[in-house]
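Below are the structure tokens for one structure; questions will follow.
The letters A, B, C and D name the chains in turn, as written, and every chain counts its residues from 1.
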């Protein structure tokens, strides 16, 4: 299992039947592979579909049926298609139970930065700002550190924000945190990791939940 | 021919093929009866239909198919149904070639008052304000005087306005006026009437168009 | 997620004092069965949002006439002389909006926007009760969005997940209100299984709808009003 | 009112210096044939509004790469490294908006409203370039509506009057842009006679559409992009 798969598998456990979820581009799109088949969710993709199914194959890909990441998709029974204004009425109207997004930085009070590195990476915001600000629950799924090995969970974001105090949960390959009352609470530790390692790789202040922490 | 029929017949002549028109409640709904059958228009009704046809009969009335006045209607080939936001996108987006409305008062610069008599008649504005303010051309079809015989074309409106400087043309049983550069121009006189009668029954300042005025 | 339920259970979720949106324009699209059940439920002190109030003895007018409605937020009272009289006697408070402005206030509420900016009515008395700003060189009204505790919706066809289709002039305010309330109850004539509606033809995606109630196309409630046929 | 015309005649109505909306999100809904004709028409100095810029060598990206576009108003540049490089070299100006905000700016333009009020982005750098007010006790952005000289629309089916139907994820920005431009040109795969579309299933009423061009469902332009299939 790669670190991405580990994160996706843990993220899948946050989802329960009846939920409406949105999966950001990249790592989040792996999450459905790890869903219990008994869990029935509806996947919203902001390009205008509710009820997205598995990725399409060369046999059943339809040129007019993609998700927001550009991949060809199937749809489940009960799906619907709609325009971009309706799609963001779903987002901003608070109809998404969970949105899963990646991160460049997360502050210790739950601010998220994930869309721009001024002067280096500025492809535009897409739907991320609205997803971050308005989903009922925002779960960040990300590697614990940057490619250079620097912590992503830091006291204050240095990059421009996607949204302030928007993150509800953070799932990395090392740990799971919840954000409660503007504080980071460590609630699970990866089997492969330890509190020590997490402390070393996290400059954001955090508390550990009481009792022995579950492993994942 | 009643005075209403005379007005409706004259109003029908303002319509040409390809136009999108909206008919206010009451007198304006008589206008299609006088349309040349060669003239193909699409009738918009603000309750959410484009392509309204003739009034329905007891035989073909459908309980879910009415116009904004509540009358059952038929629809023509190429009709469409839509919600109230789309319906007013048509109105406010300037997509109506002509809106026909009634009037309580019209000022000499083309202000219209037709929706409220404070303390006496206040059923609400409905779609009138948006029709008056945003139709490409607003044609008022009205009796020349009130039931008490008082002029409706007056120097300044005394009643609350529907919209300021919105009227493009006024058709009464006595006369046809155009509003050009905030001035009323008399352009036609009813066969049954005379310039003298119109002057007597119109306190709004107006000019007569040059040359002999056509009769209607 | 089968969202079908009984009319009794659905209407029991509406409480006195709440703000309720009601779809429809005239009879078409008015959720007649839901309104009748609400009438019989005995709730009171409601704020109701609708295009108009139907005609005397019909639809929402029955609730107003029964004294269950404290305030109406509407576009016009049409020909409902009974409710006009109640308004004049101050038995019901009425807040009027231009029709398309009311529609867009609701659409904005459903779209998670705070409000919109319009030049409609700037030179009229409706501007007196509204916030005016200068916007791009012109006078404009700031119009706040509108949401409700619950919306009562009429649909022609629904699937059990809550996807809705409307027909003819029964669209009107229904698709807008279906997005703008915390609790959305939709009645439907035709109930189908998921997959029974072409995904291109869904007018209201199921994410907006909480409960579906199948109702009978009862001609007493939904039939042609003879006095409106020429 | 038969609104069908030739692609040559339709595209000849677009002039250098104009602001043009282009429907679609990725390939689906992008009016590939209209864009190809526009590419060959030699207009320049365009301001183009689209969700994104397609991928290198595809759709609107071809016009940007050809230097015909002065400015892009979009939500993101996606994976289009060629256009990102052009932006970095200042060969094309890019104005970014959050995706749903861009959608609603266009919807507002089409609805004859001046703008809307939103809390999206108030605590971010996008607020720095926008007008901020206090609205109902909170910081909010006044977002002006957006219109264009012309809109290029892709539809699945159209009748000759200009009523449009979309399919699958090819809705996206098309229905919004079809309302928000002074000149609306729609391409369609299927052209039918008036009456050939159920009035309940019309997505864009014909009143918004000026010209219809029937185009071939050419797999070179509209086919599946193999690199996006897993």
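Here, contacts are C-beta pairs under 8 Å (C-beta built on N, C-alpha and C of every residue); 3 or more make two chains touch, one makes a residue touch a chain.
Quantities reported herein were computed from a predicted structural model and do not represent experimental measurements.
**Student:** Compute the shortest path length in steps from chain A to chain C over the network of touching chains.
**Tutor:** 1
**Student:** Need the most distant chain from chain D, centre defined as the mean of C-alpha atoms.
**Tutor:** Max centre-to-centre separation from chain D belongs to B.
**Student:** Centre to centre, by mean C-alpha position, how many angstrom separate chain B and chain C?
**Tutor:** 29
**Student:** Chain A to chain B: how many Å between their CA centres?
**Tutor:** 56
**Student:** Counting in whole Å, what is the centre-to-centre distance of chain C and chain D, each centre being its mean C-alpha position?
**Tutor:** Inter-chain centre distance comes to 32 Å.
**Student:** Name the residues of chain D that each touch 2 or more other chains.
**Tutor:** Those would be 104, 111, 113, 119, 166-168, 199-200.
**Student:** Specify, in ascending order, the residues of chain B that touch 2 or more different other chains.
**Tutor:** Only 49, 81-82, 85, 88, 91-92, 134 qualify.
**Student:** Assign the assembly's chain-to-chain touch graph to one of these shapes: line, ring, star, complete, other.
**Tutor:** Topology of touching chains reads as other, fitting no named class.
**Student:** Among the chains present, which pairs are found to touch?
**Tutor:** The list of touching pairs comes to A-C, A-D, B-C, B-D, C-D.
**Student:** Over in the complex, which chain A residues touch chain D? Could you list them?
**Tutor:** Spelled out, the residues of chain A in touch with chain D are 45-49, 55-58, 61-68, 70-72, 81-85, 87-88, 91-92, 116, 123-130, 133-134, 160-164.
**Student:** Please give the residue numbers of chain C that touch chain D in the complex, ascending.
**Tutor:** 104, 108, 111, 113-119, 133, 135-136, 138, 140, 142, 144, 156, 165-168, 199-201
**Student:** Okay, in this complex, where on chain B does chain D touch?
**Tutor:** 17-18, 20, 40, 42, 44, 49-51, 75, 77-82, 85-86, 88-95, 134
**Student:** Which residues of chain C touch chain B in the complex?
**Tutor:** 25-29, 51-52, 74-79, 84, 94, 96-104, 107, 119-121, 123-126, 156, 166-176, 222-226, 228-230
**Student:** Please name which positions on chain D make contact with chain B in the complex.
**Tutor:** Those in contact with chain B are residues 1, 110-113, 159, 161, 163, 179-180, 193-195, 197, 199-200, 202, 205-208.
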